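For clarity, chains are labelled A, B and C in written order, and residue numbers in each chain start from 1.
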Amino acid sequence: MSSGSLASKTIHELQELLASKQVSPPDILEDVLAAIARANPSLHAYLSVDADRLRRQLKEQPPSAGEGRLRGIPITVKDNICITGEETSCASKILAGFRPPYDATVIARLKREGAILIPRANMDEFAFGSSTENSAFGPTRNPWATDRVPGGSSGGSATAVAADLTIAALGSDTGGSIRQPAAFCGVVGVKPTYGRVSRYGLVAFASSLDQIGPLAKDVTDAAIVLSVIAGHDPNDSTSAPVAVPDYAKELKTPLKGARLGVPVLPEAGLDPEVKTAIREAIAAFERLGYTTVPVELPHLAQSVETYYIIATAEASSNLARYDGTQYGFRGSGNGGEGALLEMHLRTRTDGFGAEAKRRILLGTYVLSHGYYDAYYLKGMKVRTLIKNDFDKALTRCDAIVLPTAPTPAFRIGEKLSDPLQMYLSDIYTISANLAGVPALSMPCGFSREGLPIGLQLVAAPFKEDVLLRIAHAYEQATEWHRRTPVMSDK
Amino acid sequence: MSYEPVIGLEVHLQLSTATKLFCGCPVKFGAPPNSQTCPVCLGLPGVLPVANERALEWGIRVGIALNCRIAEIMKFDRKQYFYPDLPKNYQISQYDRPLAQQGFLEIFVGGQAKRVGITRVHLEEDAGKLLHDASQTESFIDLNRAGVPLLEIVSEPDLRSSEEAYQYLIDLKAILQYLDVSTCNMEEGSLRCDTNVSLRRTGAAAFGSKVEIKNLNSFRAVKLALEHEIKRQAILLDQGHTIPQETRLWDARGLKTESMRSKEGAADYRYFPEPDLVPFHLDRALVDRVKAQLPELPAQRAARLQASYQLSAYDAQVLVQDRTLAELFEGALAAGAKPKPAANWMMGDLLAYANAQGVELSSLKLRPEWFAHLVELVEQGTLSGRMAKELFLQMVKEGRDPAQLAVEGGLRQISDADALERLADEVLQGNRSSVDDYLKGKTNALTHLMGQAMKRSQGKANPHQMTEILKRKLAQVKSSKP
Amino acid sequence: MAVVTPDVVKQVAFLARLRLEGEALTRLAAQLDEILGYIQRLQQVSTDGVEPTSHVLPLANVLRKDEIRPSLPQEAVTALAPAARPPFIAVPKVIET
């Protein structure tokens, strides 16, 4: 086994190697660390990496970790998921240096299964963004083309998986933040049903939309990670008391007579190559024996406005706590009368980036006196319409198929000057969060320029097993997941 | 010009559940600062609230006891404002679907019953504590109290005088005590009160502009503050001014209300439904169960005492107003005391003592059977009335059984017939002129002789017996005179 | 006619404890105005008789038992704070009346 190659393996491949004692956990970690040392300086997938600390983490695992399903497997963690004692900054100056005194529930579950957690995958600040350019600590670069964005907000997680700087990763998805970077980076990303995975320990963006989910090299790996992190959590009042299937085991069972729903989509901004790739993927599904049915999602066209009312309102409230009082960055004034107000103003003005301020202002505005009915209440009603669309469509099919993003990865800096344009690029992913339904992105082709194109599948609540099985069947019939970016050693 | 005050009261009650409203931190009063906090009540990034079952049940209990309609669907909302004692810079409270609404409370003022409406009862989390006095340049934060469950009880503006407001608080506190959901203690801060008052010309229908008063630390302060504020507003109105709608603070030393530094406009709390908490469907079976398990409330207890023990309505009212008092009373009766004397001790000496000392009855460690013993000692003639009152004070101060104290103090009245006979002889021998006066027909000489007898016996002679013995002996002297 | 003028943004910014001035204020106001203009499209969607969704899962009555769970040690709390006078967290003095 040549060194450096373990980092390019999948979880299931490594599980076999570990079981047959061909490799040991330290072998895996060292290969991953070497890969990170080589490529992270240019890709900036991780905000910081402390190799010795990670080696210590492996050494100090309790004996019980040796029985875990993920023993010895490095899993990258987005910088907004709390790990005890690890810097969790949400890629923001306002939380720089913050080390939570507790583990997120998903982290506790991963630890219990023996995973090695690699923290600080880069992201858009507080998950506000679709490109990871809003990180306060510099953007991440797409490993397929380093002048391009990896997508966002889980850009660091997606890049790490695509560039083999880890084995698998956790991201978070509020309007597409797992799926869109997965599409831009040519990996698999899953946004679970709302309530499937505990949000306890995920730094909140929009409480009624957020979910943690896996980014992985193939569908099987995504299924394995999802099985570990999913499940009811008494610490999260919004987590669902629904049993968790063994998703990886279920993959093997083909879905007989499955129907795919094909919606009529708003096509403004839809790249012709993306449209073609999706059409070809649908043809591939038909060759696999799937039938396609037309479905309607009439309110998909309103999903961006609906989302930006609800998500920013909740975000403005969730971010009110960052004022320099109890933790994180504190901006100081000159003392005297008004010093407390000055502390609040300086902390938040200096600590938050432009996109964070934009969203906080938008959210504060729509909730403010006199505007609640016109915006927030209206938004909640249209949300009902969007959810009803999905419920209805999903009675006619097992999964809806559509593009993940209207274009492949765009250039760094290309969309920064027009926030509204950036928001509109979320058009295909946002509605799954509004409806609370599970959705998955997987590679289905490449553009002429060699950039990955992502296919999205959406299923009914708690039907992740359906998503994974359909995805697995497509994956087995194609070769997209085997392509990896060629990276020059800089 | 004659004005009618229109008064409403808002009470915040800390529930004495074991844990906070949304996390498992303990709720004990007086712990070292910041030692009863966790990521959830600290509002750390990533945390989520989970509602306390008992706080909800106790909230329903209070709602039912206050004759409210309990919500069928209840939810929580975020109330948003920036303040250092509020970790998340929003408070999880209830806005448009509170726990309970449209109830009432009957109070007795001047012997008359009056129904005071209860607008709503809702649950919310408490904020932490800010300390300002330890430093010139800094304020200190203790978050132990952050997240403690509060019930907010809002009355309709049905009160028309400071006396009514005071009585409302007394009667509300009694009910809350009986429900055993809080220590109901304004000194500890487990019961807090704000009031609002406006004036209108007597007979007018419209309300005047409302002034809210905060920083009230006792029921008495509420009464004084209202009295002061009513006068202040009346003077201003008489002078033709308008009353600005504002919040004022009660200054307990200067005995006046003062305007708070005005904030820019009314606060915009930007309420919206709390997305981290799901709604609560309070089914009628649950409500019925809580109702069935309600303890006897003050009004019912008063009625029962009146009926069972032939107490006056007034006496029954006074006895039930404090749960400790009511329990002492009924316990004393169970231990054999007669109702009327027991009531007298409770309503008279005991209440007077507690009020003079400024202490809660529950803080005095008294056992009901001691009152029975006290009553019995007096009934049997073992103690004179005066001695009994001394013994009562000792009982309360030392927290000991008066029967025991009486034995130790040798305070038992001298009822031994021989001792009394000898004492009478001594008194008659030592007071010849009084004896002569008596024999001449001056009956008040007997009083003098009695006084002497009491003096000689340090007040221990049983007065009734002593009188009889002296009279008999004086009659013997008369009949033996030549 | 802008929906959202710089003056409005300034007030909203204060509610959110953000300081915005000069060029940054004007730019942000223009961006927010454009975004809110787009959001106005929602007014054309008919929502008569539609119930609002505040929770997408049909969950209700999630409660926990009134049982004590471990608290953080006081040192852990003050260690997080930018300024502390143990056992307290310290902030610039709050002026009340």
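By definition in this document, a residue touches a chain if its C-beta (ideal position, glycine included) is under 8 Å from a C-beta of that chain, and two chains touch if they have at least 3 such contacts.
Owing to the predicted nature of the structure, the values given are computational and were not obtained by experimental measurement.
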| item | value |
| --- | --- |
| Between A-C and A-B, the pair with more C-beta contacts | A-C |
| Chain centroid nearest the full-protein CA centroid | C |
| Centre-to-centre distance between chain C and chain B (centres being mean Cα positions), rounded to whole Å | 41 |
| Centre-of-Cα separation between chain B and chain A, whole angstrom | 57 |
| Length of the line joining the C-alpha centres of chain A and chain C, rounded to whole Å | 23 |
| Of all residues in chain A, the ones touching two or more other chains | 98, 101, 208, 234, 237-238, 320, 323, 325-327, 335, 340, 344, 364, 368 |
| Set of chain C residues in contact with two or more other chains | 15, 17, 54-55, 57, 59, 62, 64, 72, 80, 83, 89, 91-94 |
| Interface hub residues of chain B, defined as touching at least two other chains | 39, 42, 44, 50-51, 82, 84, 137, 139, 141, 268, 270, 275, 277-278 |
| Of chain A, residues touching chain C in the complex | 98-99, 101, 194-195, 208, 234, 237-238, 240, 299, 302, 304-306, 308-309, 316, 320, 323-330, 333, 335, 337-346, 348-349, 352, 354, 357-358, 360-362, 364-365, 368, 374-375, 377-385, 387, 419-420, 423, 434-436, 461 |
| Residues of chain B that touch chain A when the two form their complex | 39, 42-51, 78, 80, 82, 84, 87-90, 137, 139, 141, 268, 270-272, 275-278 |
| For the chain C and chain A complex, residues of the former touching the latter | 4, 8-9, 12-13, 15-20, 28, 31-32, 34-36, 38-39, 41-43, 45, 47, 50-57, 59, 62, 64, 72, 76, 80-83, 89, 91-95 |
| Contact footprint of chain C on chain B as seen in their complex | 17-19, 23-26, 32-39, 42, 44, 50-56, 75, 82, 84, 130-132, 135-143, 249, 258-261, 268, 270, 273, 275, 277-281 |
| For the chain C and chain B complex, residues of the former touching the latter | 15, 17, 54-55, 57, 59-74, 77-78, 80, 83, 85, 87-94, 96-97 |
